[in-house]
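Chain nomenclature is as follows: A, B, C, D, E and F, assigned in order of appearance, with residue numbering initiated at 1 for each chain independently.
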Amino acid sequence: MKKEGVKLIENGKRLDGRGLDELRPIKMEIGVLKRADGSAYVEWGENKIMAACYGPREVHPRHVEEPDRAIVRVRYNMAPFSVPDRKRPGPDRRSVEISKVTKEALEPVVLTHLFPRTVVDIFIEVLQANAGTRCAGITAAALAMADAGIPMRDLVASCAAGKIDGKVALDLMGLEDNYGEADLPVALAPNKKQVTLLQMDGNFTRAEFEEAFEKALGGCLKVYEMQKKTIRKKYEV
Amino acid sequence: MLEIIADIKRDYIKRIVESGKRLDGRGPDDYREIKIERDLYKTAEGSALVSIGGTQVIAGVKMILGEPFPDMPNQGVLTTSAELIPMASPTFEAGPPKPPAIEVARVVDRGIRESGAIDTEKLCIVEGEKVWVVFLDLHVLDYDGNLFDASTLASISALLSAKMPKLEDDRVIYDERKDPLPVKEKPISTTYAKIGGTVVLDPSLEEEQVLDARLTLATVESGDLCAMQKGGSGAFTKEEVLNTIDRGIEKAKELRKLLKV
Amino acid sequence: MKKEGVKLIENGKRLDGRGLDELRPIKMEIGVLKRADGSAYVEWGENKIMAACYGPREVHPRHVEEPDRAIVRVRYNMAPFSVPDRKRPGPDRRSVEISKVTKEALEPVVLTHLFPRTVVDIFIEVLQANAGTRCAGITAAALAMADAGIPMRDLVASCAAGKIDGKVALDLMGLEDNYGEADLPVALAPNKKQVTLLQMDGNFTRAEFEEAFEKALGGCLKVYEMQKKTIRKKYEV
Amino acid sequence: MLEIIADIKRDYIKRIVESGKRLDGRGPDDYREIKIERDLYKTAEGSALVSIGGTQVIAGVKMILGEPFPDMPNQGVLTTSAELIPMASPTFEAGPPKPPAIEVARVVDRGIRESGAIDTEKLCIVEGEKVWVVFLDLHVLDYDGNLFDASTLASISALLSAKMPKLEDDRVIYDERKDPLPVKEKPISTTYAKIGGTVVLDPSLEEEQVLDARLTLATVESGDLCAMQKGGSGAFTKEEVLNTIDRGIEKAKELRKLLKV
Amino acid sequence: MKKEGVKLIENGKRLDGRGLDELRPIKMEIGVLKRADGSAYVEWGENKIMAACYGPREVHPRHVEEPDRAIVRVRYNMAPFSVPDRKRPGPDRRSVEISKVTKEALEPVVLTHLFPRTVVDIFIEVLQANAGTRCAGITAAALAMADAGIPMRDLVASCAAGKIDGKVALDLMGLEDNYGEADLPVALAPNKKQVTLLQMDGNFTRAEFEEAFEKALGGCLKVYEMQKKTIRKKYEV
Amino acid sequence: MLEIIADIKRDYIKRIVESGKRLDGRGPDDYREIKIERDLYKTAEGSALVSIGGTQVIAGVKMILGEPFPDMPNQGVLTTSAELIPMASPTFEAGPPKPPAIEVARVVDRGIRESGAIDTEKLCIVEGEKVWVVFLDLHVLDYDGNLFDASTLASISALLSAKMPKLEDDRVIYDERKDPLPVKEKPISTTYAKIGGTVVLDPSLEEEQVLDARLTLATVESGDLCAMQKGGSGAFTKEEVLNTIDRGIEKAKELRKLLKV
């Protein structure tokens, strides 16, 4: 996955001019779809992500419902035109895994015991991808859930940190992900500081991991502030 | 109980439409608001997001190298797909495309293909061996009725916005795009719904749910017809068909102006 | 789809000797299968089509049944050996679309409200194909439904017209379909003159369309006469 | 209630069969009426429609160019498939072939393959590179019992009627067929059902529904056995097997005469 | 399937040193899995087979259950690494057929009427294959069923005979199967001498068939003795 | 009723774990008994059967010739799959891999890939054209918890035992294997379960059924981390994560000794 030979940091700046602790530009909007119960659109660097939430609603097929709580389902999907090499429609193994960890990143904040025998369905569509789609997707999905009025004990904000040219850096973009040495996507439920997503690949020493982990958690908190502002704006008249 | 409400609603919509009005106040030949945004996604060779009222459809164009069909050795290939993703409606399900998605893709494809919209001969690189394959992917984000017209409009807009990637020794360089995709015709689709005895343009979701029959026609700039598709469990009379076609040919002229930006 | 360079009309006659308004030879037979509730076999030029009807019967899976009416389902299928280039078994996109429009061509005449919570299943098998299989299939299916005794307010007859060498012609056969300029398959419920199928591809001026449409409707009426004769013959003793 | 009726019917059929008779009046070694129609479909290289009583099966032969298997570089390839289309029975469902369809295809295939019916070496065009691939497709139109024998009979009839398409510079010309497919053996399948303590030939649908076990054997012209398959949730004794095989070998001789037309 | 040119018998001995009537070495073990209700592991020459049995248990999906008896289901599966040319995961046509005949080989001994509306599920995994996997699988499955305590009127033992170099021989191994002339797998419920599996391919005269059939039945009886010993050992303390 | 029992059991297990004990008497950093058997299947290039307590996983290595990925023309290809066959658990179903199987395969794959365990450059035969493709198939026979660690241990053991088949004029001779597969790193996976407020190593099936969250980490010989995966519907605090990682790095050293035989 990781390759050598490309210089990713020059004079303390990254290829897109960012410092090591800087996020890419992020835009958020909610309530962008008519049919869905809640929706959000997030642009995060060159990522463009739409998320929708339906529910709580009846479960089909019936036999997967739970008698004492709601279930949460997530479908992460990439549009065929969202990557340079066209993606064949339908789930591949990568998107199945991301759907699973995204579900497990969001479920901890949902008050599922309030609406048994129902489902909260979350759909994430990647329209343009450039590294970090799972973090942007989780962030958008949390907004869509809030927009839908799903009873939640907290929001979820997500951000990654990684390692490029031997240094720990926040929020890798496409080229950095391709030629960097490690990536660590994290999701945080900020109120109780709960880590709900944690994945890693590449190579970190114990110390580098801790540094990257702290950085990613810091990124989550910045993302969280933007989420709150976005939600508040909706209720301003 | 739910069914009784559905029946009442059905009757209500029918009565309104038959009285020459519509739920949202439109006239029988009015579209809802139409918006076209072009070239939104850098990863695509071309793209457009079209909304008609609450309906939102993205068309994305991707190009790869491939082989021509044996019976058309000097022509590029067009492949149209549509996904009615579950985001777009509580009634859409994940999984392989179901008949409605396949119908939309095939009707859009027919309009583009039969009108000769793409100059496929210009997509030939080596006759009989290597041509450009154009993938036209329709991604329905929000479904509020009349997918046919929104999809055709998004498709032709995306094709018009598309730039061909650079070719270097048989490698496609997606980062460098220059020449526009050769588009030589602009098919326009207009869709009518028969509700009770009345035929109205651009059915909303609520109108689609109660329609008896649907007629979609695609026309080219000359006003000629290039594709047509009846849908729904009801029927048209001969006169309704002819009359609807006349209305559609006229309306397409208006719609075509939206493509000139 | 359409190509140039082949002369399809010579001295007012088509390649198979027909005039512009002539149908190909058509043979119809009903009650040809033992297990199906109704069945019909139609030879239409070089098309050979079998249709069967089962129902009204219980719906599986249960959740697609309708509380106030019968549903109609159609499966149009091509046998692997029905075309020169072997067709892989299983539905392709073309047959899914034809199944859908065929269903919508037949459903308008079925008295579905008489038998709620049931299904009328129609199966069309193309054994040999040579342009016009959907019209022949609809025609055969209507016979199979009549043979099965499905309560219907009318029959459905189907026929296409097209454009070859710039002229409007009835009922295109294979070569004409390949090298012609337009095709317009139509289905008609003759009693109330209801158009239940209407598709078109190619190029028609407004005037050509009307001419072709009239021709196709005329073809439907001829087909309808043959259908009635076929059904009557069954009850002659 | 339905089950009680089913039980009564089962007992009734068993009693009749055990008394040496059958529901439709046949003897234990009688086939129902057999009809063979050959070469019905111009689009196929060969075809046959076989009916045994109410059962109707079409076999169609199609040929394309392909590659040989690496371990048999100088031999053509045979691929046999069966579709139990939902037209043929209220119990058949659309979708990919289920175990009964796969079993029929594989047992028919085994009879043809193991008897050496097709001279596959004559289907080699360029050793290790290019051979004829023969698709044998079984299309069951009407299912009234004993698919195995009807399918094998249709298959061998279709193969005998098949003509090879012309080959011109690696292009297959399906419109021009001349040489017959090289067939050098005619396997015949006979199927017996054990019902209660009795074994009868050619089970009808009703008999299949109550049978304990089934035995299909395929024989070649010399009387040798080339394939066998037991089915059903019951069992045979050793003596029943040996006795049934003797009956099948005799019966196959009769049946083989139907192929000479 | 069968090829010429390889000598399979020399001085009355087969390639692996066996005489014509000799079985390959067989090892059996039961109770080898924790989760399954019953399990068995069989090594038969170079075949390595695991079988598991679950049940009688509730049927999913519900609509396939039988009101008056248990159903028996069998899944025969080859591990991707069980053959020299990696097998793609998932059922192919061969394994679907073997699953079906295996089910029909085992079902005759199960007292299905004792536990209506349930299912006995049998899973056979081929971990290393070398001709004869269906016979080894049936043999292992019968042991797993016994281990699970499924009420049975008998065991089922299975063994094949074949023809190599023109001679009838017991229990063909891989090379013999590839280059031999016929194969005849048989399964026997020994108490009432019931033949529950019988398949054949290749070429047998009537006399050769009878000789092979007798040999295979004799092989079944030897396998049956080993099965009984294996079960007994479990209850020795 | 069943749910009440489940709730009681859940509470019971949580109370035990939070008191520093476990149902089977282990301490919080104890594995159940681990057994590794290597090179069991002659048909595989390499194989291992690993059991951790009642969990049994086979890893099998098969190699074929194939093409490299365009962006890595001089490297062999690794493909990892996992099958949770229905033999292994009453809750596993036949069919294409479901999310849990895909997750196991991807996490194992990530550990092997990111640690550089296989020297993929040595699997290149002709740059850009021909390389060895290594299939690593995980076959779960018995599921009693902690598939991640059993699968990674089986995988690396199978890779270490693998011998490359002989290559003769582009034909792979599977009967003759000689050189070992080039393995240059040995990733070890350790999995922890958070149950109530406590984090314990190697969850058994019963513990998995009640866990709040799961953390799997893969480390290399230097103690560096190469892969990590959180699972489960609950969450970790930052401190729990850091503390668990320290425990996992230590434990991996112990586990790595099992590979030296």
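Methods note: a residue touches a chain if its C-beta (ideal position, glycine included) is under 8 Å from a C-beta of that chain, and two chains touch if they have at least 3 such contacts.
These numbers come from a predicted model, not from an experiment.
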*asked:* Keeping to the contact definition above, tell me which chains border both subunit C and subunit E.
replied: D
*Trace the shortest chain of touching neighbours from subunit B to subunit F and give its length in steps.*
2
*Most distant chain from subunit B by Cα centroid*: E
_What's the farthest chain from subunit D if centres are computed as the mean of the Cα atoms?_
A
*Matching E-F on over half of contact pairs, by residue number: which of C-D, B-C or D-E?*
C-D
*For subunit B paired with subunit D, centre-to-centre distance based on mean C-alpha positions, whole Å*: 48
*Quick one: report the Å distance separating subunit A from subunit E, using the average Cα coordinate of each chain.*
51
*asked:* With centres defined as the mean C-alpha position, give me the subunit C-subunit F separation in Å.
replied: 57
*asked:* Quick check: what residues of subunit F touch more than one other chain, meaning two or more?
replied: 97
*Make each chain a node and each touching pair an edge, then name the shape: line, ring, star, complete, other.*
ring
*Could you read off the chains around the ring in order, subunit E leading and subunit F following?*
E, F, A, B, C, D
*Would you mind writing out the residues of subunit D in touch with subunit E in their complex?*
3, 97, 99-100, 102-103, 105-106, 110, 113-114, 215, 217, 220, 223-238, 241-242, 245-246, 249
*Which subunit C residues qualify as touching subunit B in the complex?*
1-2, 67-68, 93-94, 96-97, 99-101, 104, 107-108, 184, 189, 193-206, 209-210, 213, 217
*Sort out for me which residues of subunit C touch subunit D in the complex.*
33-36, 46, 48, 50, 52, 54, 57, 75, 77, 79-86, 89-91, 121, 123, 125, 127-129
*Which of the residues in subunit B end up touching subunit A in this complex?*
40-44, 47, 54, 56, 58, 60-62, 64, 81, 83, 85-90, 94, 96-97, 135, 137, 139, 141-144, 174-175
